[in-house]
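Here is the structure we will look at.
The letters A, B, C and D name the chains in turn, as written, and every chain counts its residues from 1.
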């Protein structure tokens, strides 16, 4: 991907050179790089979470013919910040017979899981905190730590409704991880590698969503559904079904701990959408159409991380659009839908995909 | 109330394995989807509901006791506080009881206004029901759409009666004041505006497969149980019993209006949903007929200064959005009634919940309660 | 119809529902809510809106029309009105000496205005009736300048 | 509270109470209905003469039998069941309002019980609607119902002193403002 305008591969060596000039000792340089990247990532993800909350409230408002937050800042831009400060100033209540240690640990588990997973997302060719050759498996593994957080929260808050919510969360997320992973694997079979960069590189000739004949799109839809379930969002938001369990597993949490759960949920949405964009829609690859040189040159004008954000935010908007339209499934219907409909479908998709991949029957086998 | 297993469950014996401790959960009195202050003690085995015992009385204000200390005209304003979603129909019920007792003739124009106001109230109540049903099942948007359309009706009420919820407009002898001059224009505009939106309601919730899954076969009420419990209104008609007070015991203008009473037979939540959606369409037709044929003339009959309730027992029966509301007025000749009994439709409809919810899930309790459409102040009085 | 047929209708129903919400999302200028505190000046209640009760004056003589007949006191279901009267030495007829209004008991039902034979009562359009202490809600309405004054001594 | 006026000013004295409406000419359907119910109830019931709802008075003990006969005669709809307190003649009058889901006519079944420690058969076996209504009547009037499945107070707390809807009920908790009529 000789992106002739946006030389993002030059950034890491430039930073390393600048730091070695500053500190000299290579050990210190590595430490400094890690510190810089960690600070950048933490700052970016928190700002991202605040923005996502604001976007969600605005999308909900306009779908429901109202204005949404308008008072704090122009068009309510600072509303989420105000909410954050309010939450921080609230009293940090711990229920009387709560299991204190696990009660305090739960929000950290949830929050840390999504933050660590964000480190592997390739925003642009070189702008990626960590690059593993088994990046995808690692991210899926870290994603399932979030379930532990929800489980711990539900159990520790000593509240019958929270326990109900936690039981539902356990059943739901573990089941839907199955078809999510299978859907991703049926594209890895084509891409040939688990490293995010190789996956994106393999889509130079075309995005997997249409390049793998039917399998690509079906896998994309399955992964979409399964990831909505993984983020506990309507129509699968039984974990904190407001109208049934009042607030499910995070009923007893207040102030900063509640904020952690809240932000973890939104970062989780962004994380899942970025994986979907990277694997199915070619991540930071600009949209090239065959040999239309003019169009391709124009597409290159948009920086790679611009493309990445465009695709991911499109998917996030679809998530929000789904949330404000559909009612909620019941627990047994949720299980039936996964085990009796989605799982068989994703298994057949994987089988068909592997046949197509080995036989090379897909567009531009190259 | 000291909660023991017997008092809470109401039904002796447990379903689960021996040595299994019954798992009681309190849904309410402060809960997002109990439509008011109602406490349901659920006996659960995991997610399945073994038994449900409603605990009532949190909103008991003693309206019947107050009725004995007030004059007949003053009690009207308390009837709005019964089922706050059908204030006009409650007032009309009380007005009928008093008119029957005192033998008062109501002018023709007032009859027309009463029918229009009652049907508008039924529409407003069903719109709110539809919105809250969507929210109870997890979809927040229908709530806003329901209220957007309901606001149009409430504006008409505010312009005509001066209040948005506690109308106190229909009185013994007619209505408080004549309608505004642009009343016909407003109601006509509303009829034209709302007709297509019922289809949008159907498309948004009715056609949604998740909604259908949540509704089909949930909370089935058999006709025998419904008759025996005295359930009335859409809940009864969804179980196949064709009983509507507007047809069975016509009052006001209803004998002269052409409308059909929607009926379903399955008796589950989906049937109740269909019956109410169809009722909205029928109400639009009724309002159109009553509006077009509204004559000019006085709106209040000449009443004596003091309305003394003669000796005897009088009963008036009206069809509210939730079922049959009846007022028993026992008079002893003085200005204050000797005894006022309010037969609340929700009281009997809620009595069906413990029977039809056995074996359903916790999420179904919310769904069935929402399709039973109970209003708690009307139960507790 | 088989699984495929059911799935097809299911997806069609879901897409239909999403079409509606998208339709409203796209037309974001159609807003049905009022920005309440901001639109305070332009907000008008309906002329018949039943707000706080007030006494009416006779346009010519400028005096209150109320003749202290206390019909409204009898008509009120909640005992929220009280009338004090005194005998006018010359005309030897009763005159209004104090008109007290317990606003915290009033349910704004409009029966008092309805029974007043001298149309001396009317219901205003205020709907912001909150107060921080109860004393402010016991008012005396027949004040010279017309503004209701808190009257703790009301019966 | 309005102060006691010495002498009411010359407001017109309230017009004489309207003479009770002339009894309507008995239409045939009404008469037919009364006969049908009388036949169903048999000799135990005596028609009540009060104006308004057609009513039949039964002995307190004969309630269950009368209810079953009504039920078999097709009256499958119990609107409600309540009591009316008459302290002057020392009795509580039970009122059962029955009707049909098919017909438009309703009637009342009356029974007198003493004001203290009254005990009547529960009709929840005949009409399930009676279950909750009887609990409310027990709650408000203090009438007990034999073999009722779950006789508890339904609206008030378990330990609520007294039964509010009785005429001689004094509300100790709230200082109920007695109206100065």
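As a working rule, contacts are C-beta pairs under 8 Å (C-beta built on N, C-alpha and C of every residue); 3 or more make two chains touch, one makes a residue touch a chain.
Predicted, not measured: the structure shown is a model, and the values here were computed from it.
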Using only alpha carbons, which chain's centroid is the nearest to the whole structure's centroid?
B
Sort out for me whether A-B or B-D is joined by the greater number of C-beta contact pairs.
B-D
Which chain lies the greatest distance away from subunit A when centres are computed from Cα atoms alone?
D
Could you state the distance in Å from the CA-based centre of subunit B to that of subunit D?
23
Separation of mean Cα positions, subunit B and subunit A [Å, integer]
46
Could you work out how far the Cα centre of subunit C sits from that of subunit D, in whole Å?
37
Counting in whole Å, what is the centre-to-centre distance of subunit A and subunit D, each centre being its mean C-alpha position?
66
Note the residues in subunit C that touch 2 or more other chains, in rising order.
14, 17, 20-21, 32
In subunit B, the residues touching two or more other chains are 70, 141, 144, 148, 204-205, 208, 210
Can you list the subunit D residues in contact with two or more other chains?
179
Listed in rising order, subunit A residues that touch subunit B in their complex are 60, 63-66, 160-161, 164, 167, 234-235, 237-238, 241-244, 246, 324-333
Under the definition above, what is the set of subunit C residues touching subunit A in their complex?
14, 17-18, 20-22, 24-25, 28, 30-33, 35
For subunit C, which residues count as touching subunit B in their complex?
9-10, 12-14, 16-17, 19-21, 32, 45-50, 75-77, 107-111, 114, 123
Contacts from subunit B onto subunit A in the complex sit at residues 23, 25, 31-33, 46-47, 134-141, 144-145, 148, 204-205, 208, 210-211, 213-214, 361-364, 366
Parts of subunit A lying in touch with subunit C, wherever the complex brings them together
59, 62-67, 70, 321-322, 324-326
